[in-house]
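Two complexes are shown next, each including subunit A; its partner changes from subunit B in the first to subunit C in the second.
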Partner chain A sequence: MLETAAGATPLDVERLRRDFPVLDQEVNGRPLVYLDNAATSQKPVQVIEAIEAYYRSDNANVHRGIHELSRRATELYEGARKTVARYLGGVDPEEVIWTRGTTEAINLVAASWGGANLTEGDEILLSVMEHHSNLVPWQLVAERTGAQLRYLELNDDGTLRLDDLDGLLGERTRIVALTQVSNSLGTINPITEIARRVHDAGALLLVDGAQGAAHHGVDLTSLGADFYAFSGHKMCGPTGVGALWGRRELLESMPPWQGGGEMISLVERDHSTYAPIPHKFEAGTPNIAGAVGLAAAVEYLEQIGPAAILAHEQDLTRYAMERLQTLPAIRVFGPEDPSMRAGVVSFVLGDAHPHDISTILDSEGIAIRAGHHCTQLVMKHYGVSATARASFYLYNTRDEVDRLMDGLATVHSIFA
Partner chain B sequence: MPDISMERIEKGFRIMPNWEDRYRFLVQLGRKLEPLEDDLKVEVNRVRGCASNVWLVPELSDDDPPRMSFRADSDAHIVKGLVALLMVIYSGRTPEEIRELDALEILERLDLQAHLSPSRSNGLFAMVERIRALASAATRREANP
Partner chain C sequence: MSELKLNSLYQQLILEHYRSPKNRGKLDDATVSIRMRNPTCGDDITLQLRVDDDEVIQDVRFYGEGCSISQASASIMTTLLKERSLDDAIQIAARFTALMHGDEDAAKDRSLRDLRALQGVSKFPVRIKCALLGFDALQEAVRKTRGEPALEA
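After this line comes the complex of A and B, so read on.
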């Protein structure tokens, strides 16, 4: 269900901002306003220092090294897995598989689970709200297996057409893959309710948590997902690391995805036996420093509290939406009720192309994103080729929303 | 092609110290470009390397030597203004002249360096490369009719 987090203690944003060195700079002669957080978040000094400390003091390859540094690196790496498991609601750490990020996690499930379980005529249910990384891996496995793709459509208010869900869930539906939070509209989907209906129909549910884990928080013990994929870099962690969580019996039944070191038990000339989960899915030397950095990010977010972060983002979203509505010729996409959104606001402004908006804002030191946001099906639904998107995180302020509005007033005057 | 000289553009930029006015100027310059018909907005005419869509259609006159002109369009207005600027710089020249012309030097005089680096997604650099490639292709066709 929606976790609106009203009543959470307000964040001390001025203090938090001091943790993020990158925010303290001028761009084009103005203090930087960073509103591209749905693309990637900035990193607190706690994360930067954890990565540095790892390389300075503890770096070695993990597992099997019979020496002190390898022992320390392994402890940090496996400790990071436990930290992430705790953040996901206290799941079993062995169910947490390190990946390069959300995209790789979804590709792993599509290729491994999909390759082993899908046959011609089976159905994969997606939604038109999905990021391309939760579409293309399924298109690839559908091509290979002959499975069919079906789609849940959008209401014009940016919510999913859940009235259609039961009709779309047929006896051939094997898996449903949906995002927790839309990266282009901000919509928070009612995953728990969806999960119940998906499971009633005998299908599995994969949840794309790229935005959800960062902007919403997650408890996988109650969410109802069978697989959950997320990235570290959108939640204060480094790039190139993320994780897949899956239910143990599913992960154990799935064939390995990539072969190599780390993932084997015994290697013979013509076959091998594989390590138990999670290492079965972690071929090669992993991103150890990335895991260490992500664990530091998780600890940082836990200290602040995901509920307080979401409440702060929703406050900024509410404020931004109120102010945006005062602009002539503005069109804001997604749910009108800010409590149904994470901190993402997509819009178009009159005759100005989103790239024009972004270019002009950049000259005032304001970073937003313009484009299709890897959601071309969403753009198609609304009949636009691109939108401008401002996305907020724990370190953004109302003053920065005001700067955005001043910038948009300039855009309006240039195009008037 | 917009009916304005490079000299006037340079003078305009000199008296406009802030970017807001320059962007306004570029948007107006872009509006002087005749919109491209939809059937010309096809992949073969699209300039790769631009985050927004840019289409560039070369035309060769019957003069001897032939002169090149270009029709162009973009769905983003500032980018369209930058394209219009390139039209003013390049149109009406022979392929040989185009290949020898240092457009980047002219653009630098306009203080457009911020828009010039290859990684900038407005694709000004990609457009200059495309125009030069089209000029080279025209020269080859002349040499081997």
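After this line comes the complex of A and C, so read on.
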């Protein structure tokens, strides 16, 4: 859903910042300004302490032991699944499969669902806006099955060319895989509208929620996706944990994609029977501490409110875009209307290469991302090899945007 | 302090080579052409040499795009290569690599000439690979000319 969250209560950012120990430091002699949140977010003490408490007092393997610690670890681990299911709009926890993150979740669908359902000549519809993690898994399964990849193109304002959608959705289109929020342009895609059209054409929709889950909350009961993939580390959780949500009947019909312990029911010499979902897709000892940390992150975000977080990010985005436009030779990518984007601002500045911009900003304690942001097709669309990207989260401030502008003035003085 | 460090990185000579690179373009009669990319950041350089039968570099060009460090480094590198042997080229690449890794002797090595302006890069570990991209291409070009197997996949 496109939620612009107007009227949300403003965040008490100064109080929230105290929850994030990493922000309280100097880098190159200046207070750190962390504007690389689309790459990964920082972690509040609530998350760090939840992970520490788990290892200090509850650590054991899950679903195996009869002993007390195993019972506690299992309860925390399965409790975390319920917490995540609640955050996703109150879905069935059994439809939530733990993965290492968005990338692994998409690979799971491409390999398991794709491997079982795609045949030569079937079509997979992607967009040029996708992160490589929502492109390469489909290229791999297309190679294996003979399926064809088709692409929804970009408008120059960084939105998808949705006028082309119905024409691209053909009889052979089996699945459409799109991002909810572009990590390099900030564009929020109208997923619910797209889902209706995809379903009318008889195809499935996988949504890459790596940015979406972190930056504007999600209600999977109304979004219209058939699969939804996201990562914990972009939403205040630890790295190495994320989840795939899928509609029950799809998950139940899909073959396992990795074999091992935890995912089986009975093992005999030449075959096995598999555990029901979600465990069918969770071979091996899982990232228990990661799940515990992610649940703590979800509780933290729920307390603040995803709508308020998005409103805060959009305020910073609006302010940053206004100030950036005052620079000579600036080119800002993505939708002009800040309410159509999450807290991501990509830009290039005159002749200064994004790497040089990033090095100069870093020397003033400001962290941004420079490069192709794992979206080489987007870079190609705009005819650039890289952009500089500032991305905001709940703990960023307008003062930090001002620091960014001061840093860009230094860039200008060196490269003008 | 960080401003000093920054000034040592973005020396005038480097910015001049970035804005007006030397030997930029294509060689019609190149004997070897190597494209090197840094996949994490998109720097992209194609280096072309015309090498004669005595392993002497008769001409050199490069093209591509990338940050000031990668482009300036490649530009300065090409100014040192004309009329030099492949052995000399390998030697220059080795000395420059040492310079990037903080070797004090390399910093005093006059044979590196203008390349010494890039010494400041060694204080920015994440940028060293930018400065070495052209030299990686050079070493690959020498291997290819000599019929040795490529190091890079």
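Following the convention adopted for this analysis, the second predicted complex is superposed on the first by the 415 of 416 C-alpha atoms of A that agree within 3 Å, B and C clash if a C-alpha of one lies under 4 Å from a C-alpha of the other, contacts with A are read in each partner's own complex, and residues count from 1 in each chain.
Everything below uses one rule, namely that a residue touches a chain if its C-beta (ideal position, glycine included) is under 8 Å from a C-beta of that chain, and two chains touch if they have at least 3 such contacts.
If you're wondering where the values come from, they're calculated on a predicted model, not measured in any experiment.
Novice: Give one word, clash or fit, describing how subunit B and subunit C relate on subunit A after superposing.
Specialist: Here the two partners, once superposed via subunit A, clash with each other.
Novice: In the superposed arrangement, does A:372 touch subunit B (first), subunit C (second), both or neither?
Specialist: Only subunit C is touched by A:372; subunit B is not.
Novice: Which partner reaches more residues of subunit A, subunit B or subunit C?
Specialist: C
Novice: Taking the superposition on A as described, I'd like to know which of subunit B and subunit C A:207 touches: first, second, both or neither.
Specialist: In the superposed model, A:207 contacts neither subunit B nor subunit C.
Novice: For A:414, using the defined touch cut-off, is the partner it touches subunit B, subunit C, both, or neither? Pick first, second, both or neither.
Specialist: both
Novice: Once the structures are superposed on A, label A:33 by its partner contacts, choosing first (subunit B), second (subunit C), both or neither.
Specialist: Once the two structures are laid over each other on A, A:33 reaches no partner at all.
Novice: Quick check for you: in the superposed arrangement, does A:316 touch first (subunit B), second (subunit C), both or neither?
Specialist: neither
Novice: Does the superposition put A:118 against subunit B (first), subunit C (second), both, or neither?
Specialist: In the superposition, A:118 contacts neither subunit B nor subunit C.
Novice: Go through subunit A and flag every residue that touches subunit B in one model and subunit C in the other.
Specialist: On subunit A, the residues that contact subunit B in one structure and subunit C in the other are 28, 351-356, 359-360, 363, 370-371, 385-386, 410, 414-415.
Novice: For subunit A, which residues count as touching subunit B in their complex?
Specialist: 28, 351-356, 359-360, 363, 370-371, 385-386, 410, 413-415
Novice: In their complex, what parts of subunit C are in touch with subunit A?
Specialist: Listed in rising order, the residues are 1-3, 5-6, 9-10, 15, 18-19, 40-44, 65-69, 124, 126-127, 130.
Novice: Tell me, which parts of subunit B touch subunit A in their complex?
Specialist: 19-20, 23-24, 27, 51-53, 75-79, 121-122
Novice: If you look only at subunit A, which of its residues touch subunit C in the complex?
Specialist: Subunit A reaches subunit C through residues 28-30, 351-356, 359-360, 363-364, 370-372, 376, 379, 385-386, 410, 414-415.
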